[in-house]
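First the structure, which I've put down as C-alpha cells, then a few questions once you've had a look.
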Amino acid sequence: VAQARVAIIYGSPSDANVMGKAGVTLNQFGVGYEEVSISAHRAPRTLVDWIAGLAPRGIEVLIAGAGLSAALPGIAAAHTDLPVIGVPLTSSLTAAGGLDAILSIVQMPPGVPVATVGINAAANAAYLAVQVLSLSDAALAERFATWRREQSARVDTFD
Amino acid sequence: VAQARVAIIYGSPSDANVMGKAGVTLNQFGVGYEEVSISAHRAPRTLVDWIAGLAPRGIEVLIAGAGLSAALPGIAAAHTDLPVIGVPLTSSLTAAGGLDAILSIVQMPPGVPVATVGINAAANAAYLAVQVLSLSDAALAERFATWRREQSARVDTFD
Amino acid sequence: VAQARVAIIYGSPSDANVMGKAGVTLNQFGVGYEEVSISAHRAPRTLVDWIAGLAPRGIEVLIAGAGLSAALPGIAAAHTDLPVIGVPLTSSLTAAGGLDAILSIVQMPPGVPVATVGINAAANAAYLAVQVLSLSDAALAERFATWRREQSARVDTFD
Amino acid sequence: VAQARVAIIYGSPSDANVMGKAGVTLNQFGVGYEEVSISAHRAPRTLVDWIAGLAPRGIEVLIAGAGLSAALPGIAAAHTDLPVIGVPLTSSLTAAGGLDAILSIVQMPPGVPVATVGINAAANAAYLAVQVLSLSDAALAERFATWRREQSARVDTFD
Amino acid sequence: VAQARVAIIYGSPSDANVMGKAGVTLNQFGVGYEEVSISAHRAPRTLVDWIAGLAPRGIEVLIAGAGLSAALPGIAAAHTDLPVIGVPLTSSLTAAGGLDAILSIVQMPPGVPVATVGINAAANAAYLAVQVLSLSDAALAERFATWRREQSARVDTFD
Amino acid sequence: VAQARVAIIYGSPSDANVMGKAGVTLNQFGVGYEEVSISAHRAPRTLVDWIAGLAPRGIEVLIAGAGLSAALPGIAAAHTDLPVIGVPLTSSLTAAGGLDAILSIVQMPPGVPVATVGINAAANAAYLAVQVLSLSDAALAERFATWRREQSARVDTFD
Amino acid sequence: VAQARVAIIYGSPSDANVMGKAGVTLNQFGVGYEEVSISAHRAPRTLVDWIAGLAPRGIEVLIAGAGLSAALPGIAAAHTDLPVIGVPLTSSLTAAGGLDAILSIVQMPPGVPVATVGINAAANAAYLAVQVLSLSDAALAERFATWRREQSARVDTFD
Amino acid sequence: VAQARVAIIYGSPSDANVMGKAGVTLNQFGVGYEEVSISAHRAPRTLVDWIAGLAPRGIEVLIAGAGLSAALPGIAAAHTDLPVIGVPLTSSLTAAGGLDAILSIVQMPPGVPVATVGINAAANAAYLAVQVLSLSDAALAERFATWRREQSARVDTFD
C-alpha cells in the first residue's frame, strides 16, 4: 500500500457513501490516503488530537467533508498548517439545499483558508489534492496530465 | 461586583460593539458576567482551555456571538455541557445578510444544541439567559416579570 | 410518572410525528413532560389560556414547534416568562425549505426571545431543555454528562 | 370626521412613518380610519382586547403591518372574522430583506387568510381596503374608478 | 345554482387540480362562482375581454392563480376595479420553490394591489373572498363565523 | 435621424436613467430607436395599443425594462411576434435584490420567450439587439465586429 | 435536410434529453440546425475551434445549455459575434435549484450579452431563435404567426 | 525580486483594489508573483494564450478573481493542470450579494476543480497558496507556521 499523503475526514459514518469518491479518485492516481469519521461536535477532543498527528506522520493535504453547521473543515484548518480542502455535504435535514454548508465552509477568517469545492464534490476534492501534490511529484503530474488529455478528446455530435 | 453567572464570548474585538448589549442587559437585572474575545479559528487551543474553565468557576450560561463561518457557538457547545446561546452576527463581508450565520449556528447535530437568537440580537441572548437563570432564582424571576409587565403596558394611538 | 417539568406544544396533530422525538428524548433522561396540539391561529384563546396555566402547575421550560407562518413559539413567549424553545418545522407547503420557519421563530423583538434550534430538531430542543434544567438539578446534570461522554468516545476508521 | 371603517395597526411606533401612507391614502378617498401601535409580543393581551372591539364598533377591514417575526397580521386574523390585510415591513435588523416578513404573513393555515401586499406597501393596503369597501358603497366605487382612469391616461415619450 | 359572485381564473388547465379547492370552499358556504382557464401570455386579448365582462355580470371578487412569471393576477388587477386575490402556484419548472411566484404577484405598483395568499393556497383565497363578501351579506357572515367557532374548539392532548 | 428599428419601453419615468443606456448604445452603432414609458399595470390598454403598432411601423426588436412584479416584458411578448429583450430593474422597494425581477421576466411559458439580460443591463440589451439586427445588415455587423475587436485588445499588467 | 441556421450546444451528453426539445421545436418550423456536446471545462480548445467555424458555415443563432458553473453560453458569446441564447439547466448536483445557472448565464459584462431563457426552457430558446430568424425570413415569420394565433384561441371553462 | 511562483488574474482593472490584497500577502511571506487583468469574455483568446504560458515559466499556483458570471477561474482551470484558487468578487451590479459568484466558481465538473475561498477574500487565497507551496518549501512552511503562532496568542478580555 502507498504511504498516506492525504487524509480524508468527515463527521458521520453516514457521509462515507459520498466521501468515498475521494478515496476512489486518489487510488486512481496511486496516491495513498487514510480515511476516518470523527464528529467535530460530539468528539471535539478526539478530533483535535487526530489533527495534531497528521503532519508528523507525513500527511500533506487534508480533505474534510461536512454538512449542516459544517464546522469540521474550518476547525481542522484552525489546528493545522496543512492545506485543507472542504467538501460541503447535503442531507435531508439541510435548510438551504447545501448553500448553508458552502457558506459555513468557505467564509473563513484571514489566515485560516479552506479550499472549498462543490456540493458533495468529493471526487473534485481529490483531483485538487492531486494537483497540489503534483507540484512536487513529477510522475503524479504526468499521470494527471495524461488523464486530463483523455478527458478533453471527446466531442459528441447529434445531427 | 456580582459573581459571574454568564460568560459572553465572540471571535473578534470588532464584535464588541454589538455584543456589548448583552452585558448591558445582564447588568440591568443584576446578573454578573464575564466577557472575552477569542477566535475559534485563530486561537483554537486557547478557546478550548477557556471553555473548560467555565463550569468549574461557576458560569451557568454561555453566550457566544459569531459571523461568517460562525463555528464558535457550536464549538463551545461541543466542549461544555452548559446551555449555549448563539448570536448570529453580520459584517460587511457576509455573503447572505446574516442568514449564513443563523444557519451555521442553528443546524447542530443531535445532543449538541445551540439556542439561537436573532441576528445581532445580543440583548435577546441576555434576556434568554435571565429567563434560564430565573428558574432557580426567585428574586431574578421577579425582576424579569416586573420588567415584562412594564413593557406590556404601552399602547400608542395615532388618530 | 415523573412530574411534568417541560411542556411540548405544536399547532397541528400532523406535527406529532416529528415533535414526538422531544418527548422520547426527555424520557431518556427521566424528565417528565406534557404534550399538546393547539393551533395559534385556529384556537388562539384556547392557546392563551393553556399558556397561562404552565408556570402555576410547575412547568419550567416550553418547547414549541411550528411551520409556515410559525407564530406559535413567539406567541407563547409573549404570554409567559418561562424560557421558550422553538422548533422550526417543514411541510410540503413550505415556500422556502424551512428557512421561512426559522426566520419567523428566531427574529423576536427585544425582551421576548425564543431559543431556536434546527429544522425539525425536536430532539435537540429536548437536549437543550435538559441542559437548562440541569443547572438546578445535579442528578440530571450527571445523567446528561454521562450520555455526552459516551457520545464522544466514537471514532470510525475506514482505511 | 368620517366614521372609522378601517383600522390600521402595527407593532412599534417606529413603523408609523411607513404605515402612515395607509391613512393618507384612505383620507384621499374619504374613508374614515383609526390607527394604533400595539406589539403582538410585548402587549399580547392588550392586542387581543383591541381586536375584539373592532367589529362591534363598526370596523370592516383591518390593515396590519409587521416586520421581523411578523406575527401581528396572522394573530389579528386569528381573533377576528373581518378581512385582514398584511403589510410586510423591513427594518435594519431584517435577515432576508423583507422576504422573511412576506413569508411569515402570507403562509397562513386554511381558514385564517391574510391578504398580503408588497413590502412597505401601506398605500396599496389602503387601495385594497377601498376596493373591498367599494363592493357595498357605490359612491366610493365611483371615486376609486375615477382615480384609476386618471392614472391610466399617462404616456411619456422620450425620442 | 347560486348566482356567481366570485370568478376563479388560472393560466393553464393543469392548474385546475390545485385551484379547484377554491370552488370547493366557496360551495361549502353557498357562494356561487365561475371558473375558467385563460393564459395571460398565450391568449392575452381573450383575457382582457373576459375581465371586462366581470363587473357587468355581477362578479364581486376575482381569484387568480399563477406560477412561473405569474403575471396573471397583476394583469387582471390592472383591468378591473374589483378586488383581486392572487394565488402563487408551484410547478416542477419553478426556479425558486414558489418564492418567485409570490414575489411576482405581491410586488404591485401603488393603486393596483393584489391580495396575495400562500403558495397553492386556493382554499384560503376562497375563505378571504367569503370574508370580503360577508361585509355586505349578514347570512354569509354568520355561516363563516359558525365555521370558525367549530374550528377553534379543538385541543389534542398526547400525554 | 435614422428610422427606428428598435423600441425601448419601461413602466415608469423613473426608469429612464437606467434604461437610457440602451439608447446611448444603439446610437453608438447608428441604430434608430424610439423610447417610451407606459405602465403595464396603470395603463394596460394604452400598452396593448402601443405594442400593436410596433411591427406595422417597422420596429424589429423590442427592449422592455421592468422591476418589482416585472410583468411588462412578458406582456409585451404576449402581444407581438417580434423578439423581446427583457431588462430586470432594481429599485429601493425590491424584495430580493433584483432576483425577483429576473425570475418574473425569464420564466415564460413555451412559445412566448423573453430574451433576458442582466440586472439593469440596458446596454447589454442594446448590444443584443445589434447582434440580432446584424444578421440581416452587413454594415451593422461590421461595425459591431470592429468594436468587439477593439475591446479584446486590452491586457493590463500590474507587476 | 434544411441548411443549418441554428447551432445547439451543451456540455454533457446527459443534457441531450432536455436540450433535445430545442431541435424538435426548430423542426416544427422547418429551421435547420446542428447539435453537439462539448464541455467548456473538459475540452476548452475543441470548443473554441467549433465556435470559430459557426459563422463561416452559415450558422446565424447559437443556443447553448449549461448547468452548475454554467460558463458555456458566456464563453460561446465571447468567441462569436452571433446572438447567443442561453438555457440554464438543472441537475441533481445543483446547489440553488437552477438560480445559480440563471445567474451565471445572465450576468454578462457589457458588450457580450447572452439572451437567457427559463430553466430547462430549450423549447423557448428555439422559439426565440425562430423570432430572430423571422426578421429576415417572411415565410418563417408567417409560420410562427400562424402557430401563435392557434395557441391563443383556447379558453377552457369549468363551471 | 523573487521569481514568480504565483500568478494573480482578474477580469477588470476595477478588481485591482480588492485583489491587490493577494499580492500584499504573498509579499509578506517572500513569495514572488505576477499580476494581470484580462477579461475572459472580452479578450478570451488573450486569456487562453496567457494561461498556456504559466507552467512553462515556472508558475505553480494560479489565483483568479471574478464576479458576476464569474467564469474566469473555471476557464483558467480548464486550460491548465496547475491548482487554481478562485476568489468570488462582489460589485454593485451583483444580483445575489456574491452568492452568485461563489456558486459559479465552486460548482465545477469532476476533474476541473477550483479551490474556492470567501467573497473578496484575496488575502485568504494568498494564504492558501502559501500553504500549498509550503509542502515543498521548508523555509516558507516555517515562516507561515511562525506567523500562525503569533496570530493565535491573542486573547482580549473585557470585564
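Should a chain be cited, it is by its letter among A, B, C, D, E, F, G and H, assigned in written order, with residues numbered from 1 in that chain.
By our rule, contacts are C-beta pairs under 8 Å (C-beta built on N, C-alpha and C of every residue); 3 or more make two chains touch, one makes a residue touch a chain.
Bear in mind the structure is a predicted one, so any value in this text is a computation, not a measurement.
Student: Mind listing the chains that sit against subunit C and also against subunit H?
Tutor: Where subunit C and subunit H share a partner, that partner set is A, B.
Student: Using residue numbers, check each pair in A-H, A-G or E-G against B-C and return the one sharing over half of the contact pairs.
Tutor: Checking each pair in A-H, A-G or E-G, only one repeats B-C, namely A-H.
Student: With chain centres defined as C-alpha means, what is the inter-centre distance between subunit E and subunit F in Å?
Tutor: 33
Student: What whole-number Å value describes the gap between the mean CA coordinates of subunit C and subunit E?
Tutor: Computed from C-alpha means, the inter-chain centre distance equals 36 Å.
Student: For subunit F versus subunit G, what separation do you get between their C-alpha means, in angstrom?
Tutor: 19
Student: So what's the Cα centroid distance for subunit A and subunit F, whole Å?
Tutor: The answer is 45 Å.
Student: Which positions in subunit A touch two or more other chains at once?
Tutor: Counting only residues that touch two or more other chains, subunit A contributes 39, 42, 44-45, 68, 93, 95-97, 99, 102-103, 106-108, 111-112, 118-119, 121, 151.
Student: Strictly by the criterion at the top, what is the full list of touching chain pairs?
Tutor: The complete list of chain pairs in contact reads A-B, A-C, A-G, A-H, B-C, B-D, B-H, C-D, C-E, D-E, D-F, E-F, E-G, F-G, F-H, G-H.
Student: So in the complex, which bits of subunit A are touching subunit H?
Tutor: Per the stated touch rule, the residues are 60-61, 81-83, 85, 99, 102-103, 106-108, 110-119, 121, 123-125, 127-128, 131-136, 141, 144-145, 147-148, 151.
Student: Inside the complex, what are the residues of subunit D that reach subunit C?
Tutor: For subunit D paired with subunit C, touching residues are 11-12, 39-42, 44-45, 48, 68-71, 74-75, 77-79, 93-96, 99-100, 103-109, 111-112.
Student: Can you name the residues of subunit B that touch subunit D in the complex?
Tutor: Counting only subunit B, the residues touching subunit D are 97-99, 102, 118-121, 151-159.
Student: Please name which positions on subunit E make contact with subunit G in the complex.
Tutor: Listed in rising order, the residues are 4, 13, 16, 23, 33-39, 42-46, 50, 68, 93, 95-97.
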